[in-house]
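See the structures that follow.
Consider the two complexes below, in which subunit A is the common component and subunit B and subunit C are the respective partners.
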Partner chain A sequence: MKKISIDPITRLEGHGKIEIFLNDEGDVANTYFQVPELRGFEQFSVGRMAEDMPVITNRICGVCPEAHHMASVKALDMLFDVEPPPAAKKIRELVYMAFYVTDHTTHFYALGGPDFIVGPDAPPSERNILGVIKKVGLDVARQVIDCRARNHHVIEKLGGRGIHLAAGLPGGWSKSVSEEERKEIEEIAKKNIDFALFSLKIFDDIVLKDPVYLDLVASDIYLHKTYYMGTVDEKNRVNFYDGMIRITDPEGKELVKYHPKDYATHIAEHVESWTYLKYPYIKKIGWKGFVDGMDSGVYAASPLSRLNVSDSMSTPKAQEHFERMYETFGSRKVDGRYQPIHHRLATHWARLIELLYASEHMLELATDPEITSPNVRTIPGKIKGKGIGSVEAPRGTLTHDYESDERGILTKVNLIAGTTNNYAPMTMSIKRAAEKLITKGKVVEESLLNKIEMAFRLYDPCLSCATHSMPGKMPLTVHLRKPDGEIIRTFKRDGQS
Partner chain B sequence: MKTIIIGLGNPILSDDSVGVLIARELKEKMDSAGQSDVEVIEMYAGGIRLMDAMEGYDRAVIIDAMVTGMERPGTVRRLSLSDLVTTRNTLSVHDMDLPMAMEMGRMLGVPLPSEVVIWGIEAKDVENFGEGLTEEVAASVSLTIELIVEDLHFSLR
Partner chain C sequence: MYWAAACGGCEIALVNINEKILDVDAAFDFIFCPCLIDTKKKDIEEMPDKSIAITLFNGAIRTDENQEMACLLRKKSQFLIAFGSCAYEGCIPGLANLSEKADVMKTVYLDNATIDNPSGIVPQTVTEAPEGALRLPVFFDAVKTLSQVTDVDYFIPGCPPEPRQIWNVVEALISGKPMPPKGSVIGAGKSSVCEECDRIKEDKKIKALRRTYEFIPDVKQCLLEQGLICMGIATRDGCGALCPKVNVPCTGCYGPPEGVPDQGAKMVGALGSIIDIGDLKGLSEEEIDKRTDAIIDAVPDFAGTFYKYTLPGSILRGRFS
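For the complex of A and B:
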């Protein structure tokens, strides 16, 4: 069996090694995506005070500490059997919307967007934010930086610290919002809405109005008819902070809707011998391998998944764009709800719709009369000993599960990071890209690397939650190997080696 | 010369925390020496956020763990932005590496340091959560502090 090795993936930290095995005919037999996982977080946490977890878990990752902080405080609410006052929940959600705006903005302009804005086949040295600036102008970069700065300011003001929040407590939030702060945040939210609409317009002008890109987005290159997961509110609308977990099948029908505390009843983890990674799947359907379809328990949890499982968006402008996306893909409404979109490149579009929703919802929260209430904490009275908290991290449903003794000292900790949900679909998308570009031993070299990267990036994986990372930028290399593993040819990218 | 010293890394990921631990010790030294034009901070974020932190300074010193696999753990290297070898945390998973962030910042007119020095300490364990350093890396902490101080031409005694 020939082996093609691509290591590592540019623009992604993390030891993400991709192995492509060819069969005797020279076609793709299998692809493997390997990530050595960080170890020992549970051991590190056991024996500590449960209330320390919101500030410990947000150190797991330098990318989405806000998501870990929120999932952790929600787990503590349950562990300490305490209901936060409404204002505290709203402040948490407000901070979380500011985080979503920064996170989705960064992904679109710095990571995902370059593939479209600069072009999927542009040299990798140009497919980055500097290439985006060249194509759409310096003003866009200024807007991106301003957007990040104003929302980080909100996070810092309300969260007590810039990057690693400190304000979340079991039963609430440690700081109320002053009227002066509220007014400032209201203005910031309005600017966010304008920026989100502007970003959707860029997507519209550059991607949707270009037949080549539109064909790519709508092609079957990354089409997988899987199950989808996301959190929904009481009206089955997208919600990032709170709600029930809804799973829909590949035809769009609801398979199950459950409280996040019941995740272990519905989700199991499959183990493969070649990797430390565990592949979550839907228990009821079962693990059938890296395949899609009704009989395979593989599911995705991403911006597109969240939209796919929801009936609608709760804010008006996001709803308009939601409808437009589904109609562009020819999705029909069944039982009042759009059928799912399986074209994974639409995830970039879904991410921008979520950016708009986060901005609109931020404005709703900033203008909510209750947001400035001084009542932001319910003091916990007893320890229940078991707490599960979940939020939608930008990269998928994030679950924290803690157990403690009667003193609140942790005895067990389990986390399912957002990216983890998507390990199986990511592997499938990489395989699909490889299959399209390797036939009878012939490899479309540069396209292969680009398309594999695109497959990866659309899921916006954050490997640092779970992985050991490589030292910065390294050359992107492909080894072509004989069946016995001997390298017969090495390809390297211009400007990368 | 307005200087910022940034200790980079994850404080609970074994040797990845070495930059942060060195920065803490340096801060004590700077404070007791009354170095008012030197700011010492800890960070666990690369890319754009790291670039943001350097705004308005003439000189930046970054201290970070590295895993080249080619050096003995505890080896200290003085690097510049143009070196091909980079350290672990200057790149953000979620946006870009530091040279690109700096280039973008300059295009936008952000006042950034003309001098950026990166001190990389070869790590042994960056895969296990823990608050301590491995023996080899711990042994290099004092030396690294001396090297940095000497490099900055500070007199701290």
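For the complex of A and C:
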């Protein structure tokens, strides 16, 4: 049996590795997507003071510390049995929208961009951020840098630090917003909306009008009919900060809608001995292995998943683009909701719609009269000792679950990070791409490298929470080996960006 | 720039120097290729020794793979710089040194709210799958700092280092300014965070320690003098006292000030001189102990408070010293 190692890390950075085994006919026998990294936050958080958790869990991921910070403070609100003042909740959400804008921007231009803007079949030397700049112009590159900078400025101003923020406390937020700051943020939010619309226009012009790309989207290489998960508000609209968790089945019907505190009733995690990362699945349906369909508990939690489980978007411009995306895919409304899009490459489009929603909602929050209220903290009374907090991280539903003693010393911690939700679908997408591209021992060299990479890139391959890899810096080496391990050929594509 | 057991925040901090990243890219193209972009181990192995000018190494040493890469990059680099708190002192993931490895495995894979693992599977370094062998790096018993596994030239503190401080270092390197002596901490000050903090200090004694959730601190007064354990007094300056600016205490991510070997010990010492346990006249030893204990009890997690970022690099090193 032949083995192909796709090692994004070449045993160098240690964050993700793919093994593809071929049978005697030269077809794919099986694939394994391994995560060779573990730090053990669930263990060493025990014994810590609960209120330290927003600062401790920031360090799970430096790409999305804001997501961990927010899930953590929400868990603390419950553990300390305290209701934050309305302004505090709004400030948290405002910071969170600024974060979403920078994060989705980084992903689209530095990661998804090379595949989408330059094109999936462009030469590898151009298929990187420099190629993106070449195609769209240096002016756009400056806009991307400006967008990241101004939103990180908001995060630092209100959160204390641009990375690993510090202002979250049980019962509120340590800093209120001054009128001067509010005005500045309002202007930033307006610029963000323009930038999001501009990005959607780029997507429209360069991607949707490109037949090569459209063919790829329509092909079944990246199609998986799984369950989907996302957080929705009281009107079943997309919400990043708060709401109920909704799971829909592959046909688009609601399977369940539950409060995040009941997550353990609905979600379980499967363990394999060949990877440090766990595989979450829907308990009711059960773990059936790496397969899709109604009978498999595998679900996805991504920008596309969030849109698939929602009836609509809560902001007008995002709603227009939401409708346009589903109409483009020929999805029809059933029970007031569009049927799900299973083409995983649409995740990139969904991400841009979310970028627009985050920008519009940021403006709503920045112009909310309550946002400048000095009342941003409620002092807790008695410690309840159990707290579960959840937000939509850009890469999926994020859950923090804490138990403590009466002094607030943690006794048990469970975490399900955003990317982890997608571990099974990523594994499946990689296998599907490999099966389609490798037949009878024939390896489609260049396509194999890039198209397998695209299979996990669409889930946001920074894989931060799970593997902490650098966005846009995903080098690939494929070794085609004989059964005895001897390398027959080596294909390389560096991750230059 | 290489990342071992890290969160990615150091990379984002580098990117957050914003438009200056284009200058860095222009000046250090060659260096970034092997470390950050062209990250193939084999290519680095094939390079002559000392052919990489500078390696910025972030992340702690958690697995054999991290250690192997640290040693390889040491060999190939003229300057090996421990970049950020994890590489410098072990940082928050270093708190794992308070636990046994077996406990980490048990908590993560065998015993928590969502685990479904009836056969008690725990990840193995080698798994014989039906199609062939699958390997994982060895998870060490304890977290180590970069300088505990190889020779380090400089240390850049911070979790993560502040972008403007990164730029200061990079700019100095680009302009070819003379570097400080080997082993120096660069990209930061030499004093404490208190030097950069605008809050008013009255050299007041404190009667009780309080936790952050218990009250809303005054925005102008020193947080330590209000009874919060602000680590600023035992932490190197360089960040700009960012956390106290939003009315929360410094948690110590820049590590100890120049010349201080142990941040936690420094903080305990500082507390000893600021805590007022009242009039001791006529009190028995037992009563004095009782009062001291009552104050100390208000902070029920010493390790996580005083050694949040420095446990593996501290004199204690956690359980495995």
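Please note the rule applied: the second predicted complex is superposed on the first by the 467 of 497 C-alpha atoms of A that agree within 3 Å, B and C clash if a C-alpha of one lies under 4 Å from a C-alpha of the other, contacts with A are read in each partner's own complex, and residues count from 1 in each chain.
Just so it is clear, a contact is a pair of C-beta atoms (placed from the backbone, for glycine too) under 8 Å apart; a residue touches a chain by one contact, two chains touch by 3 or more.
Model, not experiment: these values are computed from the prediction.
Within the superposed three-chain model, A:263 lies in touch with subunit C and out of touch with subunit B [touch as defined at top]. Taking subunit B and subunit C in turn and counting the residues of subunit A each one touches, the greater count comes from C.
By the document's definition of touching, of the two partners only subunit C reaches A:156; subunit B does not.
Applying the stated contact rule after C-alpha superposition, one finds that A:136 touches neither subunit B nor subunit C.
Touch criterion not met for A:122: it reaches neither subunit B nor subunit C.
When both complexes are overlaid on chain A, the residue A:43 reaches subunit B and subunit C alike.
Of the two partner chains placed around the shared chain by superposition, subunit B and subunit C are both touched by A:145. When the two complexes are overlaid on their common chain A, residue A:218 makes contact with neither subunit B nor subunit C.
By the touch criterion defined above, A:107 lies against subunit B but remains apart from subunit C after alignment on the C-alpha atoms of chain A.
According to the touch criterion, the shared surface of subunit A, contacted by subunit B in one complex and subunit C in the other, consists of residues 11-14, 36-41, 43-44, 56, 59-60, 62-63, 106, 142, 145, 148-149, 163-164, 462, 464, 468-471, 473. Residue ranges of subunit A in contact with subunit B, taken from their complex: 11-14, 36-41, 43-44, 56, 59-60, 62-63, 103, 106-107, 110-111, 128-130, 133, 138, 141-142, 145, 148-149, 163-164, 462-464, 468-473. Interface residues of subunit C, counted against subunit A in their complex, comprise 2-13, 15-16, 18-19, 21, 33, 36-42, 44, 62-63, 65-66, 68-69, 91-93, 95-96, 98-99, 103-104, 107-109, 112-117, 121-124, 127, 129-132, 134, 136-137, 139, 159-160, 163, 211-216, 239, 242-243, 245-248, 251, 253, 299-301, 303-305, 308. Of all residues in subunit B, only 10-13, 43-46, 48-49, 52, 66-68, 85-97, 100, 103-104, 107-108, 126-130 touch subunit A in the complex they form. On the side of subunit A, the complex with subunit C involves touching residues 1, 3, 9-14, 19, 21, 29-30, 32, 34, 36-44, 46-49, 51-52, 55-56, 58-63, 65, 76, 80, 106, 142, 145, 148-149, 152, 156, 158-164, 166-167, 169-171, 174-175, 263-264, 267-276, 278, 280, 283, 287, 377, 379-380, 401, 407-409, 412-414, 416, 462, 464, 468-471, 473, 475, 477, 492, 494-497.
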